[in-house]
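Order of writing sets the chain letters: A, B, C and D. Residues in each chain are counted from 1.
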Amino acid sequence: MKNKECVAMLLAGGQGTRLKSLTKKIAKPAVYFGGKYRIIDFPLSNCTNSRIDTVGVLTQYEPLVLNDYIGIGAPWDLDRKYGGVSVLPPFMQAEGGGWYEGTANAIYRNLEFLKQYDPEHVLILSGDHIYKMDYSDMLDYHESTGADATISVLEVPWEDASRFGIMNTEENGRIDEFDEKPEFPKSNLASMGVYIFRWDVLKQYLMDDAEKEDSSHDFGKDIIPALLKDDKKLMAYTFDGYWKDVGTVDSLWEANMDLLQPKPELNLNDHTWRIYSKNPNQPPQYIAPSATVRNALINEGCRIYGTIDTSVIFYGVHVDESSVVKDSVVMPDVKIGKNVKINRAIIAKGSVIEDGAVIGDPDPDSEITLVAEEGSVMASSYAANS
Amino acid sequence: MDQIAGIINLDHEQDLLDELTYFRCGAAVPFAGRYRMIDFTISNMTNSRIESVAVFARRKYRSLMDHLEQGKAWDLDRKRGGLFILPPDWNDPTDISRGDLQHFHNNIDFLRRTLAEYILVSGSQHICNINFQDVLKEHKDVNADVTVIYKKVDELYPEHQMAHKLDIDEENRVTSVNNDHTNTNVYMDMYLIKKDYLYELVEECIAHGCSHFFLDGIKAKIPNLHVHAYEYEGVHALVNSVESYYRASAKLLDVDERDELFRDEAPILTKVKNEAPAKYAASSNVNNTLVANGCIIEGHVEDSILFRGVKVGEGAVIKNSIIMQRCEIESNAVLENVILDKDCSISESRTLIGAPEKPFVLPKRKTM
Amino acid sequence: MKNKECVAMLLAGGQGTRLKSLTKKIAKPAVYFGGKYRIIDFPLSNCTNSRIDTVGVLTQYEPLVLNDYIGIGAPWDLDRKYGGVSVLPPFMQAEGGGWYEGTANAIYRNLEFLKQYDPEHVLILSGDHIYKMDYSDMLDYHESTGADATISVLEVPWEDASRFGIMNTEENGRIDEFDEKPEFPKSNLASMGVYIFRWDVLKQYLMDDAEKEDSSHDFGKDIIPALLKDDKKLMAYTFDGYWKDVGTVDSLWEANMDLLQPKPELNLNDHTWRIYSKNPNQPPQYIAPSATVRNALINEGCRIYGTIDTSVIFYGVHVDESSVVKDSVVMPDVKIGKNVKINRAIIAKGSVIEDGAVIGDPDPDSEITLVAEEGSVMASSYAANS
Amino acid sequence: MDQIAGIINLDHEQDLLDELTYFRCGAAVPFAGRYRMIDFTISNMTNSRIESVAVFARRKYRSLMDHLEQGKAWDLDRKRGGLFILPPDWNDPTDISRGDLQHFHNNIDFLRRTLAEYILVSGSQHICNINFQDVLKEHKDVNADVTVIYKKVDELYPEHQMAHKLDIDEENRVTSVNNDHTNTNVYMDMYLIKKDYLYELVEECIAHGCSHFFLDGIKAKIPNLHVHAYEYEGVHALVNSVESYYRASAKLLDVDERDELFRDEAPILTKVKNEAPAKYAASSNVNNTLVANGCIIEGHVEDSILFRGVKVGEGAVIKNSIIMQRCEIESNAVLENVILDKDCSISESRTLIGAPEKPFVLPKRKTM
């Protein structure tokens, strides 16, 4: 069999506890975004659009929804005969087994998977970010600079730099130092958690790292520092475009609201870079005579009889007469009764909001209200953060 | 459960939808915002656990092939069974079959290979949501030779005049198939028959030089056969002209009609397009309209259907219209009683107004 | 979504230690059989031929080869949009996780998977046996008798009965007693490890069993006895046809030899019941002028210059001039040099047998010789059992 | 890496394989025990990382469609790119294109949609194992307008007389395309061209009423274009007649020829059939023969090729013959210098002997 130029490994095992009840039953990469998608649609679509056709998805926490969602990879054109998408949970071997103990350990435990394809390079991705990126451009840069590893970075505002892993680089882009959340950042180039390694280098460092008892087996904390220590050639590849970590309820809400700009930075209608997702097969959305819809993203299968203002509405949502949904995100199959008022909220999948209920706080400084999955909200209740 | 295989016979369907059928057959005409006509027939079949479907195509089937992709959307791209599009490409000089019998004769392998005992033959013009297992059950209960499916319509429209009608006795046996213009029992171009019996009738028809299997092989034999009439009672539309297409589309804006047609437990499936959710600008104003994904709406739309990827500019006004895939309506254009085929562009401030009883139709890729 | 009439759960986690080095790196269901197949091809093909289109494959031990082999299920027509084949390894949940602890525990831990399809019945299969069976006939029997559970049995010679789990039945086929390897069997109806349960009954008994601290969480030891104790209706469905447990090197060899009968009981050429397997895409086999082939099964991609007598040869095997392979099974991609003598042996995948080597013992009472995967045998060595 | 899209143009290929092409086009003829002719072209394309392939089909393409199954075997049943079988079904009354220009014109969407910058156009009659990325590299190195591929053959056989030949100067530029019967530079019906340039030439050809793109659009322009000749040096056979088919098949019994054609790193793929391994009975005697899976052999076979699922009864003798899928040779039958198409049956003790230079051909499903 032919070997592969580049295989992607997508770390999708995170629980994402800061997303509260949204990740009670599903792993973070399976969380909904943008009226139609799940977070993992972005890295998977980036792969297929970048012509990377072999992706290992490392799962651990509540993989059932993710497994079922990824299925055979058909939505992302990753249902390939050789390669395609493979879900890689922890497994047992003759010499025992156990859970993945860190990002590097998860890849280390799947070296056999990588050896099957014997790639030249390995692309490491995480399933936590919303962005559109052509990994093949990064790969070209990685190959042309002859780097051992290339780390994708983006310029963040200086005042935010101390919240990120910061790459300090020489003029030519070579990384000479890595500062994890530095108090006094020397650069504003933040790591996006997207790495390309030469396969032989990665293999060696993962095997060495596995031997170290004091290692936390993490790319940022252990592998990158070890490479730098050995004076390996690490290059920073600057990405410029929309990139958002949606790790909290607030940032998830914000990223959804970003899509409602007249010309959003993240263009979902670009036919040369489609974001693929599993299709729920619903009829077109219906906007009734009584409805008022403005500044909104609405998906198929919805029926809108009320008012939607500056909101993102997933598939199969019904909004009855005289209800107002404002500055909110309504996830799939939510049923909203009459005379409901929703402000600055995320309503999780399958919730039922009864007639007259009032949810959320219109105060722009208030926290975003979250209604838990398959929650039921009565008229008398005022949904607390769950 | 007994197995049924499906045949979608487009051989005698005429392409009378004017501009909409210049370059495609009627089965491939877009309908209901994101579907094609044939999607309803195929989905009804797969929802009835039919796992092998043959499409007898004769003319203008290229866009049909593109759309069907070997049945992918219906999970019919299979090793066992699946969807077979069968255009006419036969080269046997000894073949004496004619009309749709050519299809039955030259595609006899489809019948031979399927394990199904029964065959459901259907056209593509009757929009409905029907379960053929129910039909089979009745077929077996009454021990019929052939079961034909009909709809008792409330009111007769011009499109029904082009359909055959059934006279039925008190035991639901068909006594005649006719064109009586007052008869409301509209034959839905669907019948169920045992495979072995279909074989037999096909051979007999060919031997007698027939050219229309249903008329020559079944209708002509009504006195000698037990032809049972199955009444379909659900939502129904017959689309065989621009006017009936327009009327059937308008009915979709009714919530009850829609709920009966699009059902969670018997979904209508179609090719997936990966469009983003529809986007409504702050300036948009949309009422009583079906909107598919990928639309970007800045103007005013009412009593209309927008297919996938339609752009409506600021100040544009669309009423009582059907706008197909990827049309662009620039700002301040006015459309009323209009059907735009795919990829049309309407320039700024342009006005197109058709009659409510005869919509103005623009063919594919037209710029005005 | 529509619910499923019957979902199959295939237990494929076994290590199969009695197959020695054949299962060092792969789970038992992935072991090769019949010149072309792996054991798991049989239950998977039985499913697709029985029109059961939803199969969960429970893996645990060394799942990589099995995962890769099953892939998206395309070879068995199980690459379905809704249903199809799903590989189900152990996973972590908010409340923790761990390895599967028994056959019943493995199913219990995947109740959520089954709930997705809400089937009427669940078919439990194991990945250890070679047989062709129409499960839909068994399902019809199960439904027509209104049983809570139906167990497939076959008549074994009375003298062997004490090696099996034996079902004692009333005249109408109802099981009144289950004897695990009875010293004095009252019946010769042995369980094949193929069960159909009503889903509601299975769910209840698995949940009850999970609570029991003294349970070994095994179908044969715990679930079936519990059902019998509660006087549930358990029916025996008698299968008659070829069925073979290939759990040892000797039985695996025997089952391969069975295929060489002039009219083998297990007909692999029956087009109405094909055994599907992943295709290695090799050109046709070539039988050279110097070759002698008789009483053999040979797969594509082979080149035979020597003598093949009463043997099963997998794909990609080369046998050079003047070598003799007799009463043996040669697994994929084995290269056999000149003047080699092989008798009563199983040569595992990728082995290289050098010129002049002598392997195995022609004595019909001798044990079968096993050459380990990717082993290399020199002329001077005499392969020991590994 | 630059992207290439592929076009397999069957438009001008004649079906001259007698009985073997009565009901199928040459591209669909079974070859080498388990393949069809077109498998080699498609596999060469996918092995060269070509991800979009269009097949311009004109006649007798039904069995081709059945075989290709939208490209499944090559992993070409894809969302992005993939395999498109394009039979002629165009209905534009304003279309003035002729010959294979009809295909280029009516399928221009294929070219528009692909992201590839280069197009590789090939027929289906040249059996080889070639990497088109190597061709592209040379094409760019010499900065050619068009690169045509040829094979310098050792010996000229009748089949080569039907092929075009190339005259080449010392810089490997083509100076003429001709039918010189002594020229051993056989044009392989394959050329590489930039997509935009292909567009341009196609439009020019249509405007001038041309009907053969290669002859009218490329050959006629050789004086003005930089047409580079790429020499393919590997194993090669041209199959355009029964005799050349028979000769090419016999060559496959040579281990070196076979090793060059079937390579692990550039495999030839085909539709999967799920046949059991071939079974050799105790009475079998097989020599110098290629055998596909599903065969059950009890008789004597030498210097032959058996396709999938062939049964050879006890005492039957087969020599220098090609036996296609599912033929049954009953006991004591004798076949020599024979080609049996699929599903033939030869009854007990029957003898059929052709001439070594002109094999006896039996059409599909014949019983003798």
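Remarks
Keep in mind that, in the parts below, a residue touches a chain if its C-beta (ideal position, glycine included) is under 8 Å from a C-beta of that chain, and two chains touch if they have at least 3 such contacts.
Worth saying up front: this structure is predicted, and the values here are computed from it rather than measured.
Contact count check for A-D and A-B (C-beta pairs in contact): higher for A-B.
Farthest from subunit D, judged by the mean position of CA atoms in each chain, is A. Our note on geometry: subunit C versus subunit D, Cα centroid distance of 40 Å, whole angstroms. The centroid of the Cα atoms in subunit A and the matching centroid in subunit D are 46 Å apart. Touching of two or more other chains is recorded for no residue of subunit D. Multi-chain contact residues, meaning those touching two or more other chains, occur in subunit A at positions 81, 276. In the complex of the two chains, the subunit B residues touching subunit D come out as 22-23, 59-62, 69-70, 72, 77, 85-87, 89-92. For subunit D in complex with subunit C, the touching residues are 32-34, 253, 255, 258, 261-262, 267-270, 272, 274-294, 296, 302, 305-306. Contact residues of subunit A toward subunit C in the complex are 15, 24, 59-64, 67-68, 71-74, 79, 81, 84, 86-94, 97, 99, 112-113, 116. Put simply, subunit B touches subunit C in their complex at residues 47, 75, 78-80, 264-265.
Within the complex, the subunit A residues that touch subunit D are 1-2, 48, 77, 80-82, 276.
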